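The same chain A turns up in both complexes below, where it pairs with chain B and then with chain C.
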Partner chain A sequence: MDTNDSLRVASLWHSMHAISQQLSPTTGCSGIELLEADTFDLHCFQSLTGTKFFVVCEPGTQHMESLLKVIYELYTDYVLKNPFYEMEMPIRCELFDINLSQAVQKDRVAMLGR
Partner chain B sequence: MQFFGGSEISPSPPVPTASGNNAHMMYVFNRNGVCLLYREWNRLLHTLNAQQDHKLMFGLLFSLKSLTAKMDPTNAEKGNLGVPQLSGQGCSFHSFRTNTYKLSFMESPSGIKIILVTHPRTGDLRESLKYIYNLYVEYVVKNPLYAPGTPIRSELFNTSLDQYVRTIA
Partner chain C sequence: MIGVGKIKQYSNVLDKPLSKGKQEVSLSAFAFLFSELVQYNQTQVDNIAELERRLEDAGYAVGARVLELLCHRDKGNRRETRLLGILSFVHSTVWKVLFGKVADSLEKGTEHEDEYMISEKELLVNRFISIPKDMGTFNCGAFVAGIVRGVLDSAGFPAVVTAHFVPVEGQQRPRTTILIKFAEEVLTSFSLIVTLFL
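Now for the complex of A and B:
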């Protein structure tokens, strides 16, 4: 999936998230948190500013919410605190990428251990 | 070919106070987007009028299906976003959850989409949706007076549906 496709998927997701709030039968809906499909699950985390993080995983994977929170912390540490990062632009921070891979790797190891 | 036409809300029964229904509401669409059935048992918030609500729901499901087909990690060859998917083709989602509701979705090979909106801690409703599809086949499709593509007005179907939904945990 190339960059253009990622952008399309991301904007589609953003709209779907907003529409799902409109269709809620009760008040106080904050959008899609989990999408379950046949071959994968998609977990989404929305920060207070509306930035959405989503992760695609095997169906039935547990503890994705905590992984998303860890990723959110990495984002605030390595991206937002980076003085050269411009808001709303694609993230090209090496430290963020390194730490992200480490966090996912750690989670995978922990998953196999459980 | 009818498109987004003729969708009227079937009169929903008075909400039972003692054993409340577990589900909030239910939609049935055919492959053209005509809302064949809309049942409401427990809906506190109505943001849009009925027509717009149905169209929005159908549009949301169409786009989500397109998105899941595209994002499927197991499928090597993916179509472009927005390409209409045939009923069985590609990966499709079966439910999504928000903090206030859970939406379960099932599409039959003939394009009949059944959507059930329940509280967020509901389990996997795929079997229940299959059962509801069976009810649809028994009471609606096999009814010789029913014209396909028109809204469902079958009392038997409505009552058996209400009874069944009440039993869903």
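Now for the complex of A and C:
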């Protein structure tokens, strides 16, 4: 998935998230947290600043919320503390990529063990 | 320090004893501050060499002050006169105070007589920084190189200090080496002292 495609998907998700917040019949709704489809699940985590992290996984995968929180921590560490990262730009930080793949790998291994 | 429960009131702030200071500072706070320092300097310069020089100058100021403070606190106002003495001082004491641990290694250069190297697996200042590909060999460790240069210069051992990335096999991230090249007069005076005693 190249940069343009991921930008398109991300903007699509951002709009859907915002619309769902308005459409919700319950008050105080903060947007979509989980989207379940036939072939995939989409978990979304929204930080206090409104930045959204979403992960697309196989249906029925457990513990995605904790993974999203770990990813949020990695984001604050390796992206926000990087002086060469400009806000709102696609993330091109080597350390972030390395640690992200490590976190996903660890999660995968942990899940196979259960 | 205003408002902290004082036992003795000092009329002159210069009479107050130097405190040991807080031993620990938040790493995140420092990381954000350092990131801002780099970003600010990036807006002021046109090229990478200039950016490195600015970071080094910032470190130089820190180094000069750190030497004064440590000489007073840890060494009882004695000053180092030997080359190896000042190098091991930088390698252990300065590193311990600034980064919480001693440097990984101190080596003498094989090619030239006046070169020494302090290596570190990963400098604390570089911990959260990923250099973009188009910046080439730029290293934010220039700040630490500046600190070392400040300490050496103020101690009377003028040197040219630079920070380099050295790729290591089997490791994704390269290790960082601070290369210290002493000026001519340091080595001649050193050998002069040795010959005088012989």
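Heads up, the rule we're going with is that the second predicted complex is superposed on the first by the 114 of 114 C-alpha atoms of A that agree within 3 Å, B and C clash if a C-alpha of one lies under 4 Å from a C-alpha of the other, contacts with A are read in each partner's own complex, and residues count from 1 in each chain.
The working rule: contacts are C-beta pairs under 8 Å (C-beta built on N, C-alpha and C of every residue); 3 or more make two chains touch, one makes a residue touch a chain.
As the structure is a computational prediction, the values presented were derived from the model and not from experiment.
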Chain B or chain C: which reaches more residues on chain A? B
May I ask you to decide whether A:Arg92 touches chain B, chain C, both, or neither, giving the answer as first, second, both or neither? second
So, A:Thr49: does it touch chain B (first), chain C (second), both, or neither? neither
Tell me the contact category for A:Ser20 with respect to chain B and chain C: first, second, both or neither. first
Between chain B and chain C, whom does A:Tyr78 touch in the aligned arrangement: first, second, both, or neither? second
Please work out whether A:Leu12 is in contact with chain B alone, chain C alone, both, or neither, and reply first, second, both or neither. first
With the two complexes superposed on chain A, say which partner A:Glu33 touches: chain B (first), chain C (second), both, or neither. first
Could you look at A:Thr3 and tell me whether it touches chain B, chain C, both or neither (first, second, both, neither)? neither
Determine, under the contact definition given at the top, whether A:Gln62 touches first (chain B), second (chain C), both, or neither. neither
Can you list the chain A residues touching chain C in their complex? 77-78, 80-84, 92-96, 98
Note which residues of chain A are touching chain B in the complex, please. 1, 5, 8-9, 12-13, 15-16, 19-40, 42, 56
For a test of understanding, state which residues of chain B touch chain A in their complex under the given definition. 24-25, 42-45, 47-48, 53, 56-57, 59-60, 63-64, 66-68, 70-75, 78, 81, 91-101, 103, 117
Note which residues of chain C are touching chain A in the complex, please. 28, 31-32, 34-39, 42, 128-132, 135, 140, 172
